[in-house]
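Look at the two complexes coming up: chain A is in both, with chain B in one and chain C in the other.
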Partner chain A sequence: MSEFPEHDPKDHCLDESLKEPTDSLIVHATARGIAPFILLIGLYVFFHGHYSPGGGFQGGVLLAVGFLLLRLSLGVRLSQIVMPHRLTLRASAIGALLFVAVGLSAVIMGGNFLDYHLLPIPGLAPEYLRYFGILLVEVGVTVTVTFTLVAIYDELLGC
Partner chain B sequence: MKALRYIVLVAFFGVLMTAVVKLPPRGDVSSPVHRRTNAAGTPVAGTYYIQNAYKDAKTPNMVTVILGDYRSLDTLGETIVVLIGGIACFYILNVRRRKP
Partner chain C sequence: MDWMIEFTLFLILLTAALLTLGVRDLLVAVVTLNVFSFITAAIMVSLGAVDVAFTEAVVGAGAVGLLSIVAIRRTSRRSQD
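Let's look at the complex of A and B:
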């Protein structure tokens, strides 16, 4: 560990060993066992934002942590199955677009921007339209936060 | 120079402790944050939120209603800030790394 490789200014990647799978069987098994539960807790925090502390940002960060644990332990190449690299930044843009689309659909129905009780969902009272409008918006926030954090990690590694 | 640093630290600690000690006690209905009208005599938005948050959106968590419904434009701005942070990292970290 004492000698680091010579830093080449042309080489803008970080240490290549960060991309490799871990050698330790314990770390490997633990990360693979724990990551689904972290993702589950992330979904729980997100969906309970209506009833308890939580919501889009916190749930999104927990989901991102679940994916980053797989990135750290399994290596970049193996964890492409659960979170492909080419998906990340595009999906985070889609999350922000979902937020804007909810707002603009209220505008198209003749209300103000983000005026949820005019959303074009049939058969719901205005209060419940606002309920589901908040939920849709939180989905957009969660998608953006999750995929942006994974994308920043991927760009730091340079994969 | 090091003594000055410690003096500034101690003075800042004193300011913070003074602020903490002078806070109104919890549940004090006459404290400024719990009044229905502010110092200028106009009604405070928080009163409306507390009275109408559940009626408007059928959501028990008042904070979610404020962040997602009443102040949703602010939340949209926060989301776009996160997205712009990701895009900026993408371009800054890929300056010389881009493969042809």
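Let's look at the complex of A and C:
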């Protein structure tokens, strides 16, 4: 127990070296160049999850890895502009809430959990209700996975 | 012809797994573990399970490596036992 530094919840960054940008120019340039493309591929995987390999979880992890690459290379303090720390846990809770709301609104309308064609959206055929229901659930999963992984990184670092 | 590719992949997989278990420097262990995950993804592709391969590549070679590196930064880089 003694080899770990004491955790102080007030001023809390335990590893100061991960707070600042890295010294290596190569790591810096590579991470900043490659992170937007990782985020773009994450969005692509998420939106094509309906009819090709991929979907909410994989797209969410790709988005999270893009943000974490920026955290690792730019340091925690500079990357707050891209992904603020106070956003992470709340946004992941909102994503989980979206998933449960879609599922439970089908239950309230008299079906089973996640029975998409009973969703209370007026003026849509059942096929389109299924389409948009699956899309909403995927949005919830993606948001939850992305922000939870970033929150795990932040908590692991103590920042 | 197909079995030769899979055989080579399994050989690399076994080598990466043994290296991960045997090496003393934990940062090197993380890198070889990522190699293991990536070769597993390639084997999954050769078996026709693209979705599993995708998940394995993204999680095993991406997120797990990043989080392990942070864990090593927080503790120590040398293996104790």
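Note that the second predicted complex is superposed on the first by the 145 of 159 C-alpha atoms of A that agree within 3 Å, B and C clash if a C-alpha of one lies under 4 Å from a C-alpha of the other, contacts with A are read in each partner's own complex, and residues count from 1 in each chain.
Throughout what follows, a residue touches a chain if its C-beta (ideal position, glycine included) is under 8 Å from a C-beta of that chain, and two chains touch if they have at least 3 such contacts.
Keep in mind it's a predicted model, so treat the numbers as computed, not measured.
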Have a look at where A:72 lands relative to chain B and chain C in the superposition and call it first, second, both or neither.
second
Please indicate which partner A:18 is in contact with in the superposed arrangement: first for chain B, second for chain C, both, or neither.
second
Using the superposition on chain A described above, determine whether A:95 touches chain B (first), chain C (second), both, or neither.
first
Have a look at where A:58 lands relative to chain B and chain C in the superposition and call it first, second, both or neither.
second
Determine, for the superposed model, which of the two partners chain B and chain C contacts more residues of chain A.
B
First, second, both or neither for A:152, with chain B first and chain C second:
both
Shared chain A footprint, chain B vs chain C, residue numbers 53, 57, 152, 156
Chain A residues within the chain C interface of the complex
3-4, 14-15, 17-18, 45, 53-54, 57-58, 61-62, 64-65, 68-69, 72, 149, 152-153, 156-157
Help me check something: in the complex, which residues belonging to chain B touch chain A?
55-61, 63-65, 67-69, 72-73, 75-76, 78-80, 82-83, 85-87, 89-90, 93-94, 96-97
Show me the residue ranges of chain A that touch chain B in the complex, using the header's touch definition.
10, 12-13, 49-53, 55-57, 89, 92-93, 95-96, 99-100, 103, 113-114, 116, 127-128, 130-131, 133-134, 137-138, 140-141, 144-145, 147-148, 151-152, 155-156, 158
Quick one: which bits of chain C touch chain A in the complex? Just the residue numbers, please.
50-51, 54-55, 58-59, 62-63, 66-67, 69-71, 73-76
